[in-house]
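Sharing a structure below in structure tokens format, with a few things to ask.
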Amino acid sequence: MSEPFEPKIIAFVCTYCTYAGADLAGTSRLKYAPNVRIIRLPCTGRISPMFILKALQKGADGVLVSGCHPGDCHFTHGNYHARRRWTVFRALLEFTGIPLDRVKFSWISAAEGAKFAEFMNSVTEDIRKLGPFDQYKELIKETEAPATL
Amino acid sequence: MTENIQGAHQNIYKPAIMKIVDRHDEAPGVRTLKLEFQNPADHEHFKQTFRTGMFGLYGVYGEGESTFCVASPETRKDYIECTFRQSGRVTSALASADIGDLVTYRGPYGNRFPIENFYGKNLIFVSGGIALPPTRSVIWSCLDQREKFGKITIVYGARTVADLVYKHELEEWEKRDDVDLVLTVDPGGESPDWKHRIGFVPTVLELAAPSPDNCIAVICGPPIMIKFTLISLKKLGFEEANVYTTLENRMKCGVGKCGRCNVGSIYVCKEGPVFTAAEVSRMPAADL
Amino acid sequence: MTIQEQYKTRVRELLSSGTVKMVIGYKAGTTADRRRPLFIRTPEEADQLLLDSACIANLSGYLIAEGLLSDEKRVGIFLKPDGIRTINILAAEAQLNIEQIIVLGFDITGQEVTALQGETAGDFSALIESIKEGAPEALKNPLIDQLEQLNPKERFAYWQAEFSRCIKCYACRQACPMCYCRRCIVDCNQPQWVNTSSHTLGNFEWNIVRAFHLSGRCVGCGNCDRACPVNIPLRLINARMAQEVLGSFDHLAGMSDTQEPVLASFKKDDSETFIL
Amino acid sequence: MTRILLSDKLDNCVARWRKAGLTVIGPVKKETFSSYAVVEKAAEFDLGLVLPDRSIKGLFFPQTEPMLEYTIKKQAIDTKDFAPPSDKRIIFGARPCDASGLAIDDPLFGWDYKDEYWFQRRNETVIVSIACTRADDFCMCTSLKLAPDSTKGSDVLLRPLQNNKGWLVQELTDRGREAFSQIADLLQEGSEPAAPTVVVAEKFNLDACVAWLQNPANFDSSFWKEISMRCIGCASCTFLCPTCHCFDFQDEGDTYSGIRRKNWDSCSFALFTMHTSGHNPRATQSARWRQRIMHKFNYFPGKFSVNSCSGCGRCSRQCPVDMGITETLQAISTLKP
């Protein structure tokens, strides 16, 4: 039998809340799935939908986006802007057939180390169950193949 | 190591692999790389074909290719030198490459300065800013066989003292008594210890007043400098057929296919980049 | 007098009185059903003007052509309600000064062309209000509903097939009055966010990015859809996104020249059911 | 007596060619869009189209094609070549204008440096054109001194029979003869007359246009600005054109491994000629449209003795703002040279 599928997951997090939450998870010695690669950004307002597409382009099976709870943004309202953007972007992903099970959003504060670990674990588990994002990977494979005609 | 995925086939777009053996900063944002061929066959091809004035496409895999002249002379073919200003994606990648890193080179392409036609003649080189590299290739090609040429004058200017490239070579040329070097910087660009001229290249050229008799002029610089230098040379009595320049257009293929270097009916990559002023004057000015 | 003749007279007046320096309208095209944009600079040129039910292109993109409005002179333009909404958005996004635009409004229902009363974009606010009221109904599209019935895999396959045809000619971008960026995101190469190659992946990315950048801004004029030489149904995505911003944020693009862009504003109580 | 291919034998021909290892390609219409596509059965062909929406060019010069694969290792770079596919192909039902387009570009891809990506495909492809009995408002081959039954670029030319039951076969090249020798027994001798080819009215006087374009004084004419005022600067005309051949290289991947691709590019994009310094020789849309027209009817023929236009009319047919070569040349032919 081949090895069980280990998904590649990219997490875009804001540095003030969720990244600090990840730190807390670490210092609290909470274990979470090693499938998640964290990319730290100044604010969720800085997380362009382009990042999510780039992660998928590079072969991610799932993408997480996480930042401060509403009202807690270091820049006062970056996450409110992000929230609107995600609402629209999710609808777009859904309409073009990119499963929303693979692109998840959350608010995790600096104090929520446990929530962070739990969220990473549950998402990893969910995506492991979904399996690799074959449809997108097929597109990636096409870009590496020689011309057919 | 090279192999084909599907059978034998000639890919004219495949570059040679080069190793950076030396690099230095010429001016803020301007860097020179010295490259050596990794594959003897590529090197042999270069030795056979390279003549001064030709250009190449320098690249970094993952970023792309960019066109500049070969700044080293045809009398020194063991290596290639290129000088570029860091501004786009490829030049940034080239600028961050270190000694020992591998980059790519495709070429040499284009036509050349017919320097054997310059034998026995006086030469005046006029260039500005970052455009000294193509001129430098010709200058060294001539200096390396100095006895074949008459008087050699070099007029070179930049916006500021810092922007002058090849400073060590400028010093060397200045010391030589068989070269007349006229350096200038734009007004305001001088340093407190600047001993040379202050003024724009065309003006300084007119003051230097080289005689057009038995003289060939090679000019290279930004479009605006070329425009006014051509006027000055005309004033000095130079004939358009005796004035050479090189056009640097955006290119992708270098071999007359991709279509972007067209100026009028000219494919700069194949019929250029070296043109006489007479040829340039026949091109549509608005397309330059 | 037909509407076309009324408007011809009006255009001549506007030009001869010096109210506007140019009027952008329509003239006959290569075939009977085609119309071409027409730039009228003298009263005589107004003779070529045509106004009928084939004049469906949204011409407002020409208003932001480089230098056209920089002399602060006024320009007249033939606009349907979607075009009027477009210039509202362009004004709200600081791309033009709405005072400089004289609107020659008209609407098409079936084969019928009707004149819209008003001169500046603000004069049509009642009309646009009524458009908003009707929007939930107007944005409905049986094809969108059909697609939404499918599972994500099937939807993905549908768009994969559609986008695989894309040749990246960027006619959709160029035809869109909202795509005015000096440097489009696909032309930014440090880093190269969107693959410029037109393999299906690159096409997919481009079309998603394009649709996202138009979300909450698209007025549904259909310029992109008509421009597409390989007939990708771009209107479906755009309409679906318009439904989303209307449903989630009660926003219809182009209500007025002071309307805040939907993705550049927020409410603290915006819904966030999907955020864990 | 000439040889005739009957329509009802076409499916057998397709099967025979496929059996012989040829990829069979022809005009196919799918819902709202038509192109030259691979078929398995003759029934998939749509031979009634005036022209497929997409030109034949993409089968020889794909919109995107991998050329090199690089892997960067410590102190070494592995470069692998992607050679063009070597499959033998037959394109059945090409239009003569599309076939001519290929012949027009041959010298460009072959001068001095030979582009194997083009020629490999050219050498392995048999082109069977069908003379046109229908045209639309945009067809203009006759204005380009070509015709609905031009043989240029084709290996075999078929002329529809008047009774609409098949085609007269005119073999033009050895490649064509070889492909048709494989179906020789499916052909028959006959004397049915061919249907007359469609009459395509001449839309402009090419010689007058060329004379105007060649006059250097007209380069700066205000005509260019006027005619291109409504051009929106997309590339649909150049990408659909059977002869436009400009391209770009793009590296996809990272600094460890990736692929260099050859992609279509267009002179109508502002970035096409933009220098790194910010200087752009063709900074305005009118300069870019002028370049396109000049290149097709002045520069290209100056180099390769052939106009870079085969008169298919796709540029005008698909233009979002109803511009195109026809309109421009019609306007030019009324100007004083």
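The letters A, B, C and D name the chains in turn, as written, and every chain counts its residues from 1.
Just so it is clear, a residue touches a chain if its C-beta (ideal position, glycine included) is under 8 Å from a C-beta of that chain, and two chains touch if they have at least 3 such contacts.
This one's a predicted model, so the numbers in the text were calculated from it and none came from an experiment.
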Which of B-C and B-D has more C-beta pairs touching across its chains: B-D
Chain occupying the middle, per Cα centroid: D
Intercentroid distance (Cα basis), chain C paired with chain B, Å: 48
Distance between chain centroids, defined by C-alpha means - chain B, chain D (Å): 38
Intercentroid distance (Cα basis), chain D paired with chain A, Å: 45
Distance between chain centroids, defined by C-alpha means - chain A, chain C (Å): 33
Residue numbers of chain A (touch at least two other chains): 143, 146
Multi-partner residues of chain B (at least 2 other chains): 5-6, 88
Shared-contact residues (touching 2 or more other chains) in chain D: 69, 82-85, 248, 250, 252
In contact (per the touch rule at the top): chain pairs: A-C, A-D, B-C, B-D, C-D
Touching residues on chain A, where the partner in the complex is chain C: 49-50, 53-54, 57, 70-71, 77, 80-81, 83-100, 104-107, 119, 135-136, 139-140, 142-143
Of all residues in chain C, those that touch chain D in their complex: 29-31, 34-37, 39, 57, 61-62, 165, 167-171, 173-175, 187, 192, 195-199, 202, 223, 226-227, 229-231
Chain A-facing residues of chain C, complex: 144, 147-148, 150, 152-160, 185, 193-195, 197, 199-202, 204-205, 207-209, 211-212, 215-216, 237, 240-241, 244-245, 248-249, 262-268, 270-272, 274-276
Residues of chain C that touch chain B when the two form their complex: 189-190, 192
Contact footprint of chain D on chain A as seen in their complex: 143-149
